[in-house]
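Two complexes are shown next, each including chain A; its partner changes from chain B in the first to chain C in the second.
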Partner chain A sequence: MASTYTLISSNVLSGSAASVTFSSIPSTYTDLVLRVSLRTDTSASFVQTNLTFNSDSSAIYSATYLYGTGSAASSTNYTADTYAREVYYDGANATSNTFGSGEIYIPNYTSTTSKSFSAFGVEEDNNSAARIGVEAQLYRNTSAISSITWAATSGQNFVSGSSFYLYGIKNS
Partner chain B sequence: MTTPTAIEINCTTGEVTERPLTAEEIAANEAAQAQAEADRLAAEAEAATKAEAKAQLLAKLGITAEEATLLLGDN
Partner chain C sequence: MATTYEPIATTTLGSAASSITFSSITSAYTDLRIIMNVAGGGSSNFVQIRFNSDATSNYSRTSLIADGSTVTSTRASATNGLLNVAASGSVQPELILADIFSYSNTSVYKTWLSSDNSDANGSGNVGRIVGLWRSTAAIDTILLQGNTGNFAAGTTATLYGILKA
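Moving on to the complex of A and B:
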């Protein structure tokens, strides 16, 4: 790992929570990396989660998605979402105590142009139904990113033990 | 039903706060959930339509899926 890869902040849930927000993110880095290990209490094996920047739920998130299950693959494009869809993570029907893992990479998060970023997430259930989602995403806002909110879908929660690690990367 | 909780970590001060979601946040989450479910159903319907079309074509050609793969290759 590069020596410029610095942990900004982290949180490991000791109880359930519907969302986790990193606020007042310093603008002193070049890129941001958010690494997570997630499981929700949604009644499903695999779930979508939602990411927003700067508490902004305008329809200015777009993305191209690639999904794979090991036996099939598909792709979808969204152009005017009110959040960035992050897939796939474990739901309540996945094998007990298994967590999905994923990463968001946000280069040039303080730039004055739209922010392109990449993401992947994997749902793992120690069974045959594991799957992966890979996303090329865009946040069409020219403000620097100063907060990131990762939320479970409506009425659902991230379960205890889910973890969130935000890193900053400097290019020098 | 208990009100969902939001956790906020202030990266500058390190302070962690926990609060109930606002009505607006709950409404936004519900809209997102509805959209996600609609998208999932649409994707499943599209996949089912494609599978049906493939099955009909194979029946028309009088070959199995395995035989079609042999003809076309794995790619």
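Moving on to the complex of A and C:
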């Protein structure tokens, strides 16, 4: 019997890298799940990272965010972005050896409609700068998603030990 | 080896419809997961969830929701169904990821945890809900229905079973 929840590809960094790309994603699944553990060399405690589909950097990404700081919660809309903002993950000023964890769920990634997807990322390092982020995101493109690039912000890198796992889920 | 995460049933609406029902759900799993992608352009504002055709006041929920400017938490008690928090019916699709724990355990009331996601490039909602169905009956039917109208064609819902062993 076909496996429902299948690892498509993974990348565990043995050195620093500005981005990680999953390409030639097969269209044989129903949904995609990305699970990551990452830290960047950005000089900050918590950082945003950037996600793009199909190498598309046109201004067709948007999101509604819910943030928590440990003492307050807030919400923001981002419109017409050139990438999907993925928050929150650990930067260079976070406690040593801590990595942010996150999951992105992309349903119907081969559909010919806009792609609504969810994201959840956390930066917890036993520090008052810790953050949690929950995001409803939208990619207004009708093409099937065949590649995903997850990048640190410009000029920055993911550090060694950061891991990226892409799974496919089949509904039959 | 037993399959841990297995599709039980899936529905894709070929035309607008007011509901999707999963019935005759086997009790062979430990937990259930629902992935619902509500297509844009429907006429329903929210998705209402009921179990085993129970439309009595056995449901309650607590929600945390953000709309891009404010964050709120609300609760509702003794309702006749669970309700998601991210409004659908916009031109963009809405994603609901929901887990139902110990759905066939006849010693416990049933808990629903969901992630609701709806963004429309300048507006939207993102939220989390915990819902409770105060019944010890095993869940064998799940109704997903529009609370004010129809789901648009192209709406998909898949029910997965998760097995602990």
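Methods note: the second predicted complex is superposed on the first by the 168 of 172 C-alpha atoms of A that agree within 3 Å, B and C clash if a C-alpha of one lies under 4 Å from a C-alpha of the other, contacts with A are read in each partner's own complex, and residues count from 1 in each chain.
Following the convention adopted for this analysis, contacts are C-beta pairs under 8 Å (C-beta built on N, C-alpha and C of every residue); 3 or more make two chains touch, one makes a residue touch a chain.
Remember, predicted model here, so these are calculated numbers, not experimental data.
In the overlay built on the shared chain, the residue A:T98 is in contact with neither chain B nor chain C. Residue contacts after overlaying the shared chain place A:Y83 against chain B, while chain C stays out of touching range. The larger set of touched chain A residues comes from C, when the choice is between chain B and chain C. With both structures placed on the common chain, the touch criterion links A:D31 to chain C but leaves chain B unconnected.
Of the two partner chains, chain C is the only one touched by A:T64; chain B is not. Look at A:S23: by the touch rule set out above, it reaches chain B but stays clear of chain C.
By the touch criterion defined above, A:S74 lies against chain B and chain C together after alignment on the C-alpha atoms of chain A.
In the superposition on chain A, A:S163 contacts neither chain B nor chain C.
Residues 74, 76 of chain A touch chain B in one complex and chain C in the other.
Listed in rising order, the residues of chain A touching chain B in the complex are 8-11, 13, 15-26, 48, 50, 57, 74, 76, 82-83, 85, 151, 153-155, 157, 166. Those residues of chain A lying in contact with chain C across their complex are 1, 3-5, 30-31, 62-66, 73-77, 79-80, 105, 107-108, 111, 113-118, 120, 134-138, 140, 169-172. Partner chain A is touched in their complex by these residues of chain C: 3-7, 10, 35, 37, 39-40, 64-71, 86, 92-95, 97, 115-128, 154, 156, 158, 160. In the complex of the two chains, the chain B residues touching chain A come out as 1, 4-14, 16, 18, 21, 25-26, 28-34, 36, 39, 43, 47.
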